[in-house]
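First the structure, then my questions, so here it is.
A, B, C and D are the chain letters, set down in written order, and residue numbers restart from 1 in every chain.
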Amino acid sequence: MRRKVCVVVTARPSYSRIRSALAAIQAHPDLDLQLVVAASALLDRYGSAIHQIEQDGFAIAARVQMVLEGGDLTSMAKTTGLGLLELSSVFGHLRPDVVVTIADRYETIATAIAAAYLNLPLAHVQGGEITGSIDEKVRHAVTKLADLHFVATRRAAERVIAMGESPAAVHVTGCPSIDLAVETLRDPRLDFDPYERYGGVGGRMDLASGYLVVMQHPVTTEHELARAHVSETLHAVRDSGMPTLWFWPNPDAGSDGTSGGIRRFRELERPENIHFFKNMAPADFLRLIYNSRCLIGNSSVGIRECSYLGVPVVNIGSRQLGRERGRNVMDSDYARADIRRAVDAHLGNGRYPSDPMYGDGSAGERIARLLAEAPLTVEKRLAY
Amino acid sequence: MRRKVCVVVTARPSYSRIRSALAAIQAHPDLDLQLVVAASALLDRYGSAIHQIEQDGFAIAARVQMVLEGGDLTSMAKTTGLGLLELSSVFGHLRPDVVVTIADRYETIATAIAAAYLNLPLAHVQGGEITGSIDEKVRHAVTKLADLHFVATRRAAERVIAMGESPAAVHVTGCPSIDLAVETLRDPRLDFDPYERYGGVGGRMDLASGYLVVMQHPVTTEHELARAHVSETLHAVRDSGMPTLWFWPNPDAGSDGTSGGIRRFRELERPENIHFFKNMAPADFLRLIYNSRCLIGNSSVGIRECSYLGVPVVNIGSRQLGRERGRNVMDSDYARADIRRAVDAHLGNGRYPSDPMYGDGSAGERIARLLAEAPLTVEKRLAY
Amino acid sequence: MRRKVCVVVTARPSYSRIRSALAAIQAHPDLDLQLVVAASALLDRYGSAIHQIEQDGFAIAARVQMVLEGGDLTSMAKTTGLGLLELSSVFGHLRPDVVVTIADRYETIATAIAAAYLNLPLAHVQGGEITGSIDEKVRHAVTKLADLHFVATRRAAERVIAMGESPAAVHVTGCPSIDLAVETLRDPRLDFDPYERYGGVGGRMDLASGYLVVMQHPVTTEHELARAHVSETLHAVRDSGMPTLWFWPNPDAGSDGTSGGIRRFRELERPENIHFFKNMAPADFLRLIYNSRCLIGNSSVGIRECSYLGVPVVNIGSRQLGRERGRNVMDSDYARADIRRAVDAHLGNGRYPSDPMYGDGSAGERIARLLAEAPLTVEKRLAY
Amino acid sequence: MRRKVCVVVTARPSYSRIRSALAAIQAHPDLDLQLVVAASALLDRYGSAIHQIEQDGFAIAARVQMVLEGGDLTSMAKTTGLGLLELSSVFGHLRPDVVVTIADRYETIATAIAAAYLNLPLAHVQGGEITGSIDEKVRHAVTKLADLHFVATRRAAERVIAMGESPAAVHVTGCPSIDLAVETLRDPRLDFDPYERYGGVGGRMDLASGYLVVMQHPVTTEHELARAHVSETLHAVRDSGMPTLWFWPNPDAGSDGTSGGIRRFRELERPENIHFFKNMAPADFLRLIYNSRCLIGNSSVGIRECSYLGVPVVNIGSRQLGRERGRNVMDSDYARADIRRAVDAHLGNGRYPSDPMYGDGSAGERIARLLAEAPLTVEKRLAY
């Protein structure tokens, strides 16, 4: 009797993060993968993960359209409510043996509640970490709804257990996002022309003598500041004069602020040295980052993948506050001068040694094996 | 500047439990009460709390109809999704300074998420306890979404803190349900005729020489067994021959099983010694219990109020598993023989001494004072 | 290329009505049936059509749980909203070539809107009729959303065309409910014991010397009167002393009023001559009616099937106001005396001659053939 | 006893259209205005009507966030379902005496159903017209749900009556959008600098020697062609070399196609003679159009307001197909050559005489008076 494993992917970065596990689940003889693609992973506006998923050859069991327009707090809450309504139907239809939810985006709690209320065992990937903003609440609430925990680091495992979860249900798998980084390092050359392959808008600078990459997401609980924040970073990289490749933000509340800020800057300042991309295939993306001089912004990629890749990172603001980080990460305030100072310090330094703190490249395999072999139950109780 | 305190009541028992706190909030000079009545608290079928609330003189700021029919797991999940959609609008409209959610019913997580996502400080009453079933997951997930914790016992406070909450945010207020019990004990005589005042159906036995009270709710994760479980209890009390006052169950998933089981029993067995009530004003209800020979079932009233009242309790099955309990509680399996045995043991014993483990009668006052004075924030981080 | 025909059934009576068409669609070589079972058709409380559907051997493509508790106007509106959310997903998943919606229950407009907005051709069965209450608005609004019209009578066709629909899209198929009546008349003997086969509650009277049947639904826009109305009918049949077989009502707004009224009457009056059924297999139901002395209530069965069966009908109140009717129908006010008078008049009369005004027994076949052959389009324009 | 009139505005153009009626309702001594702002009227992305509404001094009784992202057919359907859920709560809270819904956008059927199901009399503004696309179905379905009809033209009144509505419920008020046009004509000078007052992006051409205005919305049922369509128009006006003021489209399904097409054109072609605006205060907008040489696109403004203003209009494609139009409107296919030909023909012609076919400037007053004086009922029946 093969176990049906339903994985719900709600955003492009979550897909990149879980991809190696999806492949391992699909390849496992005792598992059937039921992949549900939902929320912003379906939307062109956010660099639609769905096309990448189809291209990667995963069959899609259900699509769940659930994102409300507005880019504000109310639409986050309603998106989650809508997701809960829809995912209840989807799980009722698919009848999986276990549901997998990824990390801590606000809408993922809909997956967790739908699974828990339908008495389906829930596995949570990447619990036990610490950050700023609403993600912090979501992540730990999902831990309390989950029956199995696949965490990235030993420290994260300790935290999940401290929260009262049974040690037998907590597994240090490493983060599956590192799996791709490990694979990428086997041949890390930038062997494609990003402008040609991914289009985008803005200047088409020569990348040969080094370039910066920027990924800056709005921070939920300060969403009215999103415009001001992104403007500082835009000025910092424009003023640096270095070729810069910039990725549009996620659909968190406030992304309209960030996107609007970028649009306004482009219109008024017409920066020559910045090119904007919507998204990129994960392997290409990692190669691009690996070959950059510095990654700037507040993406978790800077914390996770870059620790393994050894890429210098300027981590802006509070979004990653609390996350374990390697020596390659330099924190910065939002102000353009702070950002410039950190970038300059990194440029002097060059690449850092690889650090396996977030994984060694086998997370996907470990997760698939645990999904096939771990005892599945929905009964749990606080350990103390 | 008075603080606006929005309390969301989703069921009759939650109302009974929070009532003294509502009164204290309403009376506090620095607080404005915004009472939202939702879910089964609006429905006649479940002994509509709304009429009691109106009778008690509380103004109702919003009503949220959200319960799906079906009495199954899917309808629980969808009810919660619908609640999240609606409560987001309600909070957006009322703009409270703090939201209060009560205990651990499945739909209460909608209150918690709506508040958390709208960046409203969330106070949780009765966290840190341990039980069986889905309530266990819901309760601790709500703890992780909440910013202030008003717990019933010292042990509960320790657990909430162990889960990573800041000790400064955890307050042992006692359970407000005990407040009414304390008040009731000042004059505990059964000074009304329950048949006359509350109607109901079934035999109208003389209560003077002692009677039993039954409250048995379905246990979510075993909802197909609900009929079988309730049938055992029905046989046990019918066979006892003692006058029995029975309260219809809550609208958890499976209540249709329990209600259907009761209806079938009545139709086929026409029990002469059981009278069925939909609900009762809380003070009357406590008097009724206080004067009973034994409370049977799986209601938390048996654990909480009865510890203070010293009423003998036969607690059936797993629903209250893990809850701290006084000497007055005897556990029983579902089988009718087990139930009979426990009842008989209690009848030999008589009343137990009062035990203040769940509160001393001032919980409502303490909660109101904390809502007025505690620092309000939505930023928190795991303590370890 | 076979056409995929998605039929959405939302209630037990709709299923009885469409059953012969479902069988004909399933049997048609150029059609694939996609049966969606939704709303009260899924609920035990309303005599769950789902079990009958499964027993009849139809595969179920999707189940849509959507009924809110409350039995009031708000829950009708929200049920419809929820249905629209869910059916959009279902249609997106099934990708039918044409959607079929039945008659005029309030929640059916969700089917119509979901189909219309997804650019799916919509066929409407039983448009062009006239009744009282909200059904009237719903029926004609669905006509304006539909692309194909399968109407029961010539008069209905004239009305649909008068409303501006293209005559080429309007087909007089007859009502498929008559198909089963025609089949039943081939051997109309009451060849089963209804008590034994269907259980139910109440007296088990000898039916040999004649009996009454009652089906009384609440009238939406007067839902607070539902209790009073049903009470009159209950008194009328109790006082008649005749054996009476009574069917519980549908889940329209107010059904709680009607159901509650029945429960109260049973409790207080303990009527000996009334037996209550939840539901019955359609063929058994028609046999039961055929052999009754009189059908009482406000069900459309009295208007449709009974015109063909020639069964005397006392039609109470405004619910069927405006519907074409045969000589077998006698209208009555809600008052018990009026009802008694009409019943007595019928009892003197006996059975009426069969009248094919609502169909000749081939509606299902005609509908299937049209679904296979009619041009399908979603473009239409008012004809004037 | 003043009547509470609840008007639901779901989009910027609807607001412009109803504004004079809102003012008249607010000024009427027997009416209380309850203005609900919903859907894209709340969203910045679509030129947020809400700011204009607040600036105009109307109090907002409720805000209903309901638009799903996706810009596709499924999100249209779900947006409507969500609107129905929310508006049921809003109407339940506001308890209006009559609800007003405007025209025929897809989401307006949510207003109509919520009102009808809650037994609230529904007034529909602008029924009885004929167009292409889904609007056609929505408009007439809303007519069948409505109890009062305020139509723009005598011909529209004839159609509503032909559909079976009672002539007593159908009133030719004229279209309130003309009210503002009449007022604007009293002093039609372009007395402001549109670049300065409204920002926007693109070239800032001198407008003194004449300019074009473009408003082109996607046509729902062909939404994949939206990009291709808008590209033709973009080329046509770019190639004309005339200064062109272009307004971003509405949030119908496909608007992402249209918006994306515009963005791509700007990026690749960098047109010098086109300036893009999000929106404009209605009076400024009318002045701008009045002083233009030609309005191009498929907006209903070209049909309605421009007939009164006498502005030459090139109406592209099928969106306004079937609408009554004045001599000022020249129809064109989507191809750039066709568009150019029509524009050139108009430029030779100049302004047309004013035609009051859509109203004489008193529609708002008439609507307010009817809302105050017309009998209100929810009972209706097909007239034939």
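General remarks:
In this text, contacts are C-beta pairs under 8 Å (C-beta built on N, C-alpha and C of every residue); 3 or more make two chains touch, one makes a residue touch a chain.
From a predicted model like this one, the values you see are computed outputs, not experimental measurements.
When the partners of subunit A are compared with those of subunit B, the chains appearing in both lists are C, D. Taking B-C and A-C together, the pair of chains sharing more C-beta contacts is B-C.
If each chain is reduced to the centroid of its CA atoms, subunit B and subunit C end up 41 Å from each other. Subunit A and subunit C have Cα centroids lying 52 Å from one another.
Residues of subunit A found to touch two or more other chains are 65, 74, 78, 82, 85, 89, 92. Residue ranges of subunit B in contact with subunit D, taken from their complex: 62-65, 82, 85-86, 89, 92-93.
Across the interface of their complex, subunit C is touched by residues 40, 42-45, 65-70, 74-75, 78, 82, 201, 251, 256, 260, 267 of subunit B.
Residues 73-74, 76-78, 80-85, 87-89, 92, 106, 109-110, 112-114, 116-119, 130, 132, 134, 136-138, 140-145, 159, 162-164, 221, 322, 378-382, 384 of subunit A are the ones touching subunit B in the complex.
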